[in-house]
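See structure below.
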Amino acid sequence: MAEFLSLHEAIARHVHDGDTVALEGFTHLIPFAAGHEIIRQKRQNLTLIRMTPDLLYDQMIGMGCASKLIFSWGGNPGVGSLHRLRDAVEKHYPAKLEILEHSHAAMACAWEAGAAGLPLAVLRGYIGSDLPRVNQDIRHIDCPFTGERLAAIPANRPDVTVIHAQKADRAGNVLIEGIIGVQKEAVLAARRSVVTVEEVVDSLEAHPNACVLPAWAISAIAVAPGGAAPSYTHGYYGRRNDFYKQWDTIARDRDTFRQWMEDHVMNVEEGVSA
Amino acid sequence: MAEFLSLHEAIARHVHDGDTVALEGFTHLIPFAAGHEIIRQKRQNLTLIRMTPDLLYDQMIGMGCASKLIFSWGGNPGVGSLHRLRDAVEKHYPAKLEILEHSHAAMACAWEAGAAGLPLAVLRGYIGSDLPRVNQDIRHIDCPFTGERLAAIPANRPDVTVIHAQKADRAGNVLIEGIIGVQKEAVLAARRSVVTVEEVVDSLEAHPNACVLPAWAISAIAVAPGGAAPSYTHGYYGRRNDFYKQWDTIARDRDTFRQWMEDHVMNVEEGVSA
Amino acid sequence: MSDMPPVHDSTTARDYTATEMMTVTASRALTNGTTCFVGIGLPSEAANLARLTHAPDTVLIYESGTLQTRPDVLPLSIGDGELCDTALSTVSVPEMFRYWLQGGRVDVGFLGTAQIDRYANLNTTLIGDYREPKVRLPGGGGAPEIATNSREVFVMIKHSPRAFVEEVDFITSLGFGRDGRARDDLHPETARHTGRGPTLVITDLCLMRPDPDTHELVVTSIHPGVTREQIVDATGWPVRFVDAPEATPEPSGHEVSTLRELKARTERHHSGHHEEKSA
Amino acid sequence: MSDMPPVHDSTTARDYTATEMMTVTASRALTNGTTCFVGIGLPSEAANLARLTHAPDTVLIYESGTLQTRPDVLPLSIGDGELCDTALSTVSVPEMFRYWLQGGRVDVGFLGTAQIDRYANLNTTLIGDYREPKVRLPGGGGAPEIATNSREVFVMIKHSPRAFVEEVDFITSLGFGRDGRARDDLHPETARHTGRGPTLVITDLCLMRPDPDTHELVVTSIHPGVTREQIVDATGWPVRFVDAPEATPEPSGHEVSTLRELKARTERHHSGHHEEKSA
């Protein structure tokens, strides 16, 4: 049952060293405020799951939080490389990063299977791709009806999923609108979940078939206005595309990156770090 | 791409003798008008798929349209038996009806798999049930990661799916609201699809994450106001619970049933049969 | 989950029927805050009574996709508009069965049945032989997976020798199998995702629970005014009683009147056409 | 699908860049009414240009879940708010990949790539060895399944020897495999659900198509002002030409001005903060 906590408390209580952690959000609603709090609390040795690592995981990897990354597309969307991710993979800086790599279709199915309580996801995927050669988690099953060989991958089952959403009502039910990505699946697939929201309202005023997470499917809710910036929150604020472009320069150099993180994440208070 | 047709023309063109046909709608939005048109056009030898056969399939079976039924719960909800279905199964009247029986969970997964273009659905289902003994389509696979034995059933892939929905816009995009059941899946799983709607509007005015079927995923649309009665259309009219209770009497006797069908379906014009 | 919570209004009802006794007793089995997957009919009545009395925060889920619904009247069908209108959210039926039931979010599956046997197996499929049935029943519906994917299962059924049989003609939904051992030797991964099965059977005469060792259903509590002989006569196997069966507490006046009001509201609602807009 | 539709405004543009030539040519490859799964970057530019010129009813799908979207400016990312605001509907990402892509609803998958080889295999994973890469690229994203689940695939990539290689370091997304035969011996059920693969490669110098027999990419059309030598020099394998390559038609003035307006609108939109409400 969702508890309303401060962001500091929510992360302290639910994200532990060595955990498998997913911060999800497909371009939209990326939980930057929560990720920055994880960095400030100096979590170590995390296995990070995320379809599109994006700037937030570049920051977490560059700050040494992660030992493993499970992902399907690791770039700065529309801009280019994630330099901290590349530095970790190519030069093992600041530490060696093990990677386990999927396609989007497979990762989306792995979230769906995790939410559905299944051990595996089945898809018509990876045909002719070299990815199964480098990822031992890509296996196959034979369809007992048609004999067709289909790809199978393990369901995503993180210890904790962290997402950002538009709003919660006072009972702790959460509304997600717009590009909803895999957030519902990622929360339901996890043992624990932390949701940051723009605001708490009396009523969600949601359409009957809107994407709503009930309070009893969530561990903790923290109010974090602007908590998705520099990504965006549909209905609240737009994406800071300029910052995504600037990040390319900031992250290219180890020292520039470190200084930026000190100035904008490490030495700021919770909630004003974006 | 959706063509706007009369109900008569839509059924004549898309539902053929011997087809595998699904008329879906989970209590809500049951396509009675379309089903009655199928009966009037005297379709024969259909394999009918539907999670909850309900009154409409009782009528179609009683009128001799079907040779096989794939289903998961065949009753008059909250009332009792479907007497025409029972007469077909127990006494082979008006003809022998082959049945293939699943659970709801399995049928829902079979629709999901059909929409997803997969040959099979995988679920943790049928544990300890006798259903796999009487349904050869319930098989098993072994998870290559955990060794767990999971149930597998074939995806539903009908020749044609027929559903009822609230409204279409002039381009042929369709909005479904309220209890959405398996309608989107049933349409996407089928080779062809016919959608009856309450009305055609200039704009669907749909919430961004509403259940919408694009025109290019539909074969034909027919305007059929009241087309779900005696079931209901959320936002338009309520369920005729009294009729569901009366049906028990009407359908219990072969002659009473036949007379009712003559009076209310066979000898009425399209669209006023409910 | 299945412990009886304290009754808040202790004034005993002056008169009540055996069915009301059954429904009130079943409602008391639901702890406040429980997430309950509700079958139509008797379970729906009991679950909504719980929500209207001692357990206002009970979360009710119906297989039509309606999550956390608070109907003002009892639904006639599992997909009445009332369920959607009063739900927190309505999801597709595949999502309901995949994410919410199979995903392990349901505390209590609350089922009715046509037949139940000594090992709490449920039959809603047919009487007689499968290919040439004597009586064809509606079938499994949601029950086969509600019975295994919920953390535990409550069953409501009126006591009669036709309903309480030594061995069901067909196991639609698993209790504990034909030998009482079916839940003991599951694959560890399956076992981790499979609930305890039926932990409580509520009838109009008594409460039954599975014996901790053999999983045979035994009488643990007898309703007021009911004799052991009545229970024995209404049970199709040589039924056992625990050493000291409890006396089921009587319903309170508040519970019975709440139930009667709910049923009267429901009756008024479901009679006549409802052509008005449902949203 | 890949036949060139007639150009409506036949006035040839007075000046245009090689990149504009590529984008306009790619846009012309999309027939009106085509359902197109769009990759970010060059394909997104070309697909939207098609929608704004000869193919207004082209259905654009982005992997973020936005179905039938009509962005007024080009998205910087695959999940920009603009895509949702102008979409017919926005579905979850699992639904997008399962129902819409794998479900067989996509006519054309429109992809960019870092490397492409003789048999049209695409590499967006890395240069060098997998465990010790020289250059780590972003990875597969949606491409591996777009490449196989779409009915056919168009690829846009600027011509250079680093991009057009004899054999890719890593097959992220299948063209025709290392021997050109990978799509020939699929299980019948797989084959029934697998598209024709890359049928058209659009570069800034020419068009290439797979040879009908060997599936080797061959030059079928040469852009205005481009020489065969330029193409040979920019291709990392001994590239072949069809017997009589076509001359790619020049872009029209209308197409070039529409493209430039789209890019200018996009530039204005993406510069500076966008703190205003996105809905």
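Read from first to last, the chains carry the letters A, B, C and D; within each, the first residue is number 1.
Note that in this section a contact is a pair of C-beta atoms (placed from the backbone, for glycine too) under 8 Å apart; a residue touches a chain by one contact, two chains touch by 3 or more.
Computed from a predicted model, the values in this text were never measured in an experiment.
The set of chains touching subunit A and also touching subunit C is given as B. Of all chains in the assembly, those touching subunit A and also subunit D are B. The distance from the centre of subunit B to the centre of subunit C, with each centre set as the mean of the Cα atoms, comes to 28 Å. Centre to centre, using the average C-alpha position, subunit C and subunit D are separated by 56 Å. Remark: subunit A and subunit B have CA centroids separated by 39 Å (rounded to whole angstrom). Shown for subunit A are the residues in touch with two or more other chains, namely 112, 117-119, 123-124, 143, 146, 148, 177-178, 180, 184-185, 208-211, 234.
Residue positions of subunit D touching 2 or more other chains: 84, 90-91, 98, 102, 149, 189, 193. In terms of inter-chain touching, the protein chains here follow a pattern that is not a line, ring, star or complete graph. Under the contact rule stated at the top, the pairs of chains that touch are A-B, A-C, A-D, B-C, B-D. Partner subunit B is touched in their complex by these residues of subunit C: 40-41, 63-66, 75-81, 83-84, 90-94, 96-98, 101-102, 121, 125, 130, 133-145, 148-149, 170-174, 177, 182-183, 186-187, 189-190, 193-194, 270-279.
Residues 1, 112, 115-119, 173, 184-185, 188, 206, 208-210, 212, 214, 216-217 of subunit B touch subunit D in their complex.
Those residues of subunit A that touch subunit D in the shared complex are 26-28, 51-52, 71-75, 77-79, 81-82, 85-86, 89-90, 101-106, 108-109, 111-112, 123-131, 134, 143, 146-149, 177-182, 184-185, 211, 232-242, 244.
Residues of subunit C touching subunit A in their complex: 33, 35, 59, 67-68, 84-85, 87-91, 98-99, 102-105, 149, 189, 193, 279.
Listed in rising order, the residues of subunit A touching subunit B in the complex are 117-120, 122-124, 137, 139-146, 148, 150, 152, 154, 177-178, 180, 207-211, 234.
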